[in-house]
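Structure in structure tokens, see below.
We call the chains A, B, C and D, going by the order they appear; numbering starts again at 1 in every chain.
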């Protein structure tokens, strides 16, 4: 087991750790640990909401979530010799839930269980928030590398464990560019619910080892962690699982690499925003450098090689969607709408078996579905497809002349 | 070998076949053949342009392509007992190039070779037409189930053979809906190049067994074959390969199922519009019916189960993109832009190895890449990813401290 | 489609072809065709018994099989420049059943169907001949790349099409070595039924272009085609499917490569001796040379790289066996007995679902099972395992508290 | 994390644990823990030699190994309600090395590293002991789910972590049958080195909670743990990895299930006897019962369904062997010899790249090779094949005209 360079006590808030992490991106946040190229080490992580979600049958916690705190990141880790223009090579050697590193002490997120949530439209929303505007939650119980949910009877998924969020600190210039372009977008419709983007926000900010004026400045400028950006960030790519090798652009001396938002499992898209099986835990990584790699390979965003241990599913039922919206209006090559329609088609299908729409929505988040950009040139319709692994169900979901095996299939945890 | 119910002589135009096919969707086109549920049969297909492309080293044919003729479809095939509301179950039993069914007779598309083209911006365009506005072409030589191209040295791909285009005839109502919504889109910018959508067009239309006034009316109303729509159509999904089972909605009595646009290979997205390895050939299918299946399963667009014989690649280099456009402007959850940026990132990378941008663009079309909607909720950035199988190259494309193995890598066929 | 260098008319015996093949291995058999390194070409093949098996519901043809004629090979193909000590590189580009190359003309083996047989103990036998001593037969109907059998209801298999038998001609010395060592074995129990090995046999021999005294001599000396030997030969390896690259030792100038015994599908072991789905057909190959490759790589038997298109199964039910025989006697590290016991365990299991032992035996031949040498060091028991893909059955074969889904499942074709 | 029902302190011998395990099979050994059907729990395990092997560069520890102690098993675990004739359903939920559960305390086997050994012919031997009679050792360093060895430069393997040994306690009758048949084998050549089988041996025996006369009797009768037998036992099947579900026959009330011999990785065959990457660690299992399942399914040995997370390799170089021994003598359908020849062929090949024969031998043990019974009916030659994943090497091992990339590749730890 490699040395732990960033430790968290899962029973405490990230704010109260001996060395706290951060929940904003800013170049001034100092490294919480230092490592050398060629080394391997462990980073421990709080689940992304810092423990706001309980293992119970109410979605009030999801409904009332304070989003300002998210995501709680571990790091930054400084890498000796890293300079802007390098590629930081990061191997994801192993990843596991918090339950594998310490015994439960009272209430603890990620302790042998995880959750998937639907955020209310008024508080975060999600990809299908117009269709499913209310908060909902499913609790997943971990059985080693599999998970089941009392809120989703009939479903068993195999883990594709991964961090949702990781990247090197932005340079001052890069951060300014992010803030500029996102502000410009917000300004086109500043009162939208949910908002078009999330500007810097002092409230709830956590900035690692910064203090005083430096801290306040970083709180005013620091980029929120929600979107993926040039440096990677919250890419939420399910294939970044154990065994992956990722090449990250370096923007500041020392790279200042941070990581968090561990997921026990997720499908492509993470469509409900809180759509993975969220958990706290640990990740073991190895690091190295390719000096001057950004130029040498023309790399401006992270690239990666997936690992060899993603779960093998070979039987899928596939749904497609095109860029005609729910009102029947035609859009030009809009893959977002096409994928939304594919998701909705899958949900309508699953409802025939007795699941509620909200349950089906959650299944598409947590199960290892594949979401594909199938064709993007056949004007005016983009075509996206959604591959649902049939083997996650303990009944046969394929169409037949016998009709759908409708049954009572429980319900999600809901807000009251 | 099953009986051939739709025959084409590859040396002749689709117009000149004993029983011609069609290149518009219209409910009045009568069946060219009749089959019963439970039967298996062969359909032969012209490649989609009806033979406009030559096996040579000039892209003039791509530049001068008459798009009005495309796509040449085989059928319709009437299925006894099929009624609106049913699901037509179609098994793709086998698919092969024209070379497997007849010996070459002079110039013949699909005769042991295929092609991938970049359409000029003025004539069709493609996903990256702003970046690569000129016509280009690569010829692929088939080696059994593999293909290489003299225009793309260093690349060998394994076939994921499939039809790009298939579906049941629309009802009169469905057709009217298509025409209405696409016209509304065109009207928002009627002079755009390339156009926003393709309205019905009498010029170049072929309407199977229709004649006289009925033919003229269908020519005026018939939907163009380019986009995927509710019935499936030109979905260009690479996984619809041998062994797939597809469930198509039925809209007219007899279903009137047509198929065409065979591809020897393709990646997700078919990003250059003529992006698959295009060929003529045959497809063996089995058909059956699920009576009333649309309602029973809540199905309004085709769904399918992929087959077991897609080529197995396990090593990928993955590129990501977010919905910030090439000018640096931020867009809200735009998966189309995110996927475009992922494609462009991959192209920049491949250029470091000596390929031209156009060559790299073609590689991303024909190779079995996977295009994923990775996250679609992390406002404001959609994140898409592109998985490039490293094993298609005869050199190592992974990053290392040694730098990219730059070499002279030939060039595409170009227009003069 | 590559040029056909060895043609067979499937309606005629191999003896009556314009250029006949051969069914013995001998260095003097002259090439039937000449090719150059770097070329690609087609070879057509009769099924291995030269058409002795009919598509009917009697196993009399299996019972009365004249084994002296088998296996009918196509070739030899001479490769320009090949010399002893080289490695002949052969790419299996494509393989297909006879039905894909010509229309049925009366009775014809391999015409859209294949068969799997159990040889009677008195005539060939098989791996489990003590348990299943009588002749039996299953006819398989091809549905593109899948097959079903009216003699095995409930089973559908996906093709892993391959040649069972291929290799370069032995040198005179190598042939003498084969004959010497096999004769020595026979002499230990010359009257055994079935025999321990098959010595050269003039009766039924076919020797390609040889005639006169040379032919008679080759008939007296030529090695039978049944066993795999140093040159490869009848290896019956299911993974030598489309896309494989094989490196064969060369023993005579020109290599003189022959091939035959095409299988639509097979599991590991081919346990009933006629255990694959046997068919006539074609194989497209590409050839090249590695000069002096035998020494350079220490290769004395063929090696190969499997292709990418084997069918993907991921759910298996696995049976094991150890080297304790059916009488309870302990044997030392005997993998043959261990694998036999694994096969018998699988057969007992399938019988609980209503299949006869003979049907189960056939299923283990034709289905893409995997047979593994799991442990071979834990004295005194070897342990072998048999992976049966559950997805070939249209019912659930996994154990549960509900018990086995017993049903009437038809019967094999039997001899009368 | 499930409750730990069998705990081991990795710094102590199995003999000195609070509740010791056992290293003989006997029905009288009382359960060390009790569980109920439907429960999930953790079992901790010592590595199989109880800590006799050091992380150093000498193979003296392998040479001097006291084999009488092996294998140290954890358990038995009694399952409430289990009766003879039932099937015990065991899900392998998760498995990990000791390093994941406790920090190293001085010398400790399995602490973030494992080993693979070649036993000397005089002390245990192995599959190729006539070829490699001397002791040797490779130490593997774990990097999360991958491992490298300083004794095998150029190789990196991905874990297929699994228990080598597990099963329910035999009944008195079954134990007597084992002892009888193995004694009969030994009596055929009682002085052989290595021996034909291992009879009961009081020396070194550990019998869990037994004491006094009962202990002494069990020590005299208890079956050694080396061979796989009817109940499973030391099957050493690499595919029994995370996610597997195993169905074990129950012979005594309560089932009395024991497990041990954890392997970080292994290929088929475990050919050097100590051939896996051996380690201590933990396994999380879930248990259930199928009452009367042995009869209901005709099951007399364990059967299993593999999990979904075995590492995905798709490129292999395959070696074959036939049942002609190293002296050129022909054997009848001997799969053991055929597999040995395939192993030797692979070793000769790897030697061309600079590995010693002993190194190559170790690679074939620890790497996820597949060993197949390819054909077992083509008299007189069995044909076995060995699939070596090419992607474990950091250089290209495929044949080419360039010849083998010979380099200095270090050496194993050896005995002095």
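Basically, a residue touches a chain if its C-beta (ideal position, glycine included) is under 8 Å from a C-beta of that chain, and two chains touch if they have at least 3 such contacts.
Not measured: the values here are computed from a predicted model.
Asks: Where the centre means the average of the CA atoms, what chain is farthest from subunit C?
Replies: Measuring from the centre of subunit C, the most distant chain centre belongs to A.
Asks: Using the stated contact rule, I'd like to know whether B-D or A-D comes out ahead in C-beta pair count.
Replies: Of the two interfaces, B-D and A-D, more C-beta pairs touch across A-D.
Asks: Mind checking the centre-to-centre distance between subunit B and subunit D? Centres are C-alpha means, answer in whole Å.
Replies: Each chain's C-alpha centroid was found; their separation is 51 Å.
Asks: Quick check: how many Å separate the C-alpha centres of subunit A and subunit D?
Replies: Taking the mean C-alpha position of each chain, the two centres sit 39 Å apart.
Asks: Residues of subunit C that touch two or more other chains: which are they?
Replies: Correct list: 308, 312-315.
Asks: Which residues of subunit C touch subunit A in the complex?
Replies: Contact set of subunit C toward subunit A: 312-315, 391.
Asks: Using the touch definition from the top, list the residues of subunit C that touch subunit B in their complex.
Replies: 1-2, 40, 91-94, 96, 99-100, 103, 111-112, 143-146, 158, 242-243, 284, 286, 307-313
Asks: Could you list, by residue number, the parts of subunit A that touch subunit B in their complex?
Replies: Contact set of subunit A toward subunit B: 87, 89, 126-127, 177, 181-182, 184-185, 194-198, 226-230, 232, 234-239, 247, 268-273, 275, 290-291, 293, 296-306, 308, 314-322, 324, 328-336, 338-339, 341, 345, 348-349, 351-352, 370-385, 387, 390, 398-401, 403-404.
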